[in-house]
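One chain, chain A, links the two complexes that follow: it is found with chain B in the first and with chain C in the second.
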Partner chain A sequence: MMFHTVNNFINRFFGALFRKKRHIKLGLYGPPNAGKTTLANHICMDWLGEEMGKVSHIPHETREIHVKEQINIKSGGKELSFNLVDTPGIATKIDYEDFVRAGLSAKEAKKRAKEATKGVIDAIKWLDDMDAVIVVLDSTKDPYSQVNLTIIGNLEARKIPVLIVANKVDLKRASIKKIQAAFPQYHLIGISAKEGTNMEKFYESLFKVAK
Partner chain B sequence: MITLQFINHSTIQHLPPERKVRKLLETVKEDKIILLEGRLTKQEEAHLIQATMEHINGRFRGIELSVLSSDQKQQGLMKQVQHSLLGLLTGGRHGITIIGPATIVKEIKKDPDKIQLLMVEARAAKRKKKP
Partner chain C sequence: MPHQCVRCNTFYDDKAGEVMQGCKCGGKLFFYIKKEKLEKIKAMTASLTASEKQQIEKDVLDIMGEEEYSEEPVVLDLETVRVMEPGKYELDLVQLFKNEPLIYKVDEGKYLIDLIRSFGQRKE
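And now, the complex of A and B:
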C-alpha cells in the first residue's frame, strides 16, 4: 500500500517534470560496470540509430561525461524528448593494478586510473544539473554497497526523481528481489541492456512516469 | 598491525564539511581504519568520495566506506517518527561509519544488520603501499 503510494508520488513528480521542461537532462548513474553505457547505447540505437559510447569488460571505460541531445521517444501517440547524460561509474577506490590484471600495460593502467578519478569527480558535480536520473545497478551484485546508497541518497536530498534499473537480469546470479528489498520506496525495472530484455517495459515506465 | 581509530561524534560535529572530510581523509591516509560515531550527511559522503578521488596516487588507492544505521524508510510510520525524534535528540549520532584505506580493507560487506571487514592480505597490502 505504502509502496504504491510512493510509486504514484514518484510517477506524478516525474510527469510534472517532463511536462514543464522541454529539454530535460536524464542522467545515467551507477557504480562502474553496471551497464550504464550499454543501456545508453540501446536507447540511442533504438531512437537515433547510432551508439553513444564504447563499452568494455574493464571497469571505468567511460571516464568522461557524454551527452546525446534531443532523444525523442514516441509510442502510442505520446512523445518524450530529453538529453541523455551518460556518466562515469562512481567508486570510492581506483587501483591501477586492477587494470593491469585486466590486461592493460602499467602506463595505460595509470593513465586510465588518473582519468577515472577525474570522471568520478565530474559525475558527482553533474548531479546538481540533472532533472531526472536512471540509476543502473548490476543485479548480480550486492545492492547495499555504500556507493549505491550515497548516489540514491544524494538524488533524494536534491529531490531529483529516480528510476532504478536492475540490469543484467539475463545472468544466472541476478536477483531483482534483492535490489527491490534494498530500495523498496523506488520504482524498479529489471532489464538486460545487452540482450534487450524487457526494454519495451523500460520505455513504458518512462512513458508512465511522463503522464 | 591494524590500527582502529574511534572518532567521537562531538570531535567533528561542528566542523564545516570540507574540514570534516579532510580530517577523516588525513586519518585514513595514515593507514588507520576509522570507526566514526554517527554518520555523515549524504552530501558529505559525496564530498568524501570527491576528495578521495583528488588524493588517489601510486600509494593511496582510495577508501572503503560503510554505514551501519537503522533505515527509517523500511519501517512503519511510528518507527519513522521515533527515528526522526531520535535523530533530533542525538544530533545525528546514531549509527556507525567505517572508513578504511583500500590498500588495507579489501571490502566491507553489509548484511544490512552487520558489517564484515575483509582485509587485504598483509603481503599484498605492503606491496601496494610502495609508490
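And now, the complex of A and C:
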C-alpha cells in the first residue's frame, strides 16, 4: 500500500513536470523594413505589455538577434507558449550610401552597413534553431525577390513550418493577392502590424502553423 | 585558387608561402577568390586607397567577431560576403543558406574548416 502511494506521488510529480509546455522558438524573418520588429512589438504589447525593439523608417534598424522569452498567447480556448526571435532583415546588397540618403552621417552609415551585414549572417545561422517561422513581407512590394524566394525555399527544404504575413495592408498599394499568387501553398494572412489590423486572425493562423 | 591579402590587396597563388605564413605586409587575413572572378576583383580593388583597405580589414575582423588578429593566417570566402569598399557589401544568400563556413583557417599548411566558429557561436 505504502509502495503504491509513493509510486502514485512519483508519477504525479514527474507527469506534471513533463506536462509543462515546451517553449517553441518562433522566428520572424524577412527582408529589411517589412515590419518584423513592428509585428514583434505588437505581439509583445498584446501578451506581455511591453515592446521588443526599436523601429525606424531607415532599413536595417534591427542588426542583432532579439529574443523575448515565454510569450503565452490564447485564442479560441487554446494556448500557445513560445520564445519570439526577431531577426535582422535579410538582404543581398547593403550599401551605406542608402543610409546617407536617409539622413545618416557617412560614418554612422558605414557602421550600420557593417553591422547589418553581420546581422544577415547571424539571422541565417539561427534558422536551424527555429521550430516555426513567420515570414514578414511588405505587401506593397513585388514578392518575387531573390531574398523572399531564398528564405521561403530554404525553410521548405528544412521542413520548418511557415506562416507568411503580408504586412502593411493599410497602405493603398498593398496587394495580398500578389503575395498569395507567389506562394500559393502557404498559410498567408494580411495584417497591418502598425495599425493592429487583422491581429486576431493572425493569432488564429499562428496556432495552425506552430502546433 | 588565388588569394588576396585584405590589408594590402596583393594577390597570391594558392600554394604561395605567404598564404600559409602571412603576407609580406604583415597581414594574416586573406580573401579566397575563384580564378574566373580574379580579373573582376583586381579591377574592383585597384582604386581602393590605403585607408579604405585598412578600414575593410577592420570591418572584416568585426564581421567575423574577432577582437584581435589571429596568430595564424585566416582565409575568408569572398564569394559569400564581398566587401566592395568600406560600407558596401554584397551577400550571396544561396551560399550563406548552405551553411558552409565563411572562414577557413590555415594550419600547418592545411586548410581546416572552422566549424565551431561558423556554426556554434550564436546558439543558445
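We adopt the following convention: the second predicted complex is superposed on the first by the 185 of 211 C-alpha atoms of A that agree within 3 Å, B and C clash if a C-alpha of one lies under 4 Å from a C-alpha of the other, contacts with A are read in each partner's own complex, and residues count from 1 in each chain.
Criterion: a residue touches a chain if its C-beta (ideal position, glycine included) is under 8 Å from a C-beta of that chain, and two chains touch if they have at least 3 such contacts.
A quick note: this is a predicted structure, and the numbers were derived from the prediction, not measured.
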Combined model on chain A where chain B meets chain C, clash or fit: clash
Which of chain B and chain C A:195 touches, first, second, both or neither: neither
Partner chain(s) touched by A:109 [first = chain B, second = chain C, both, neither]: second
Chain B versus chain C as contact partner of A:156, first or second or both or neither: first
Contacts of A:117 with chain B and chain C, given as first, second, both or neither: both
Contacts of A:126 with chain B and chain C, given as first, second, both or neither: second
Partner chain in contact with A:51 - chain B first, chain C second, else both or neither: neither
Partner chain(s) touched by A:184 [first = chain B, second = chain C, both, neither]: first
Contacts of A:144 with chain B and chain C, given as first, second, both or neither: first
Overlapping segment of chain B (options 2-10, 20-28 or 74-82) - the one that collides with chain C in the superposed model: 20-28
Chain C-contacting residues of chain A that also contact chain B: 90-95, 97, 110, 113, 117-118, 120-121, 124-125, 127, 146-147, 150, 154
Chain A to chain B touching residues, read off their complex: 90-95, 97, 110, 113, 117-118, 120-121, 124-125, 127, 142, 144-147, 149-150, 153-154, 156-157, 182, 184-185
Complex contact set, residues of chain B against chain A: 41-43, 45-46, 49-50, 52-54, 56, 58, 61-67, 73-74, 102, 108-112, 128
Residues on chain C engaged by chain A in the complex (per definition of touch): 55, 59, 62-63, 65, 81, 86-94, 96-97, 99, 102, 118-119, 121-124
Complex contact set, residues of chain A against chain C: 65, 67, 90-97, 106, 109-110, 113-114, 116-118, 120-122, 124-129, 146-147, 150, 154
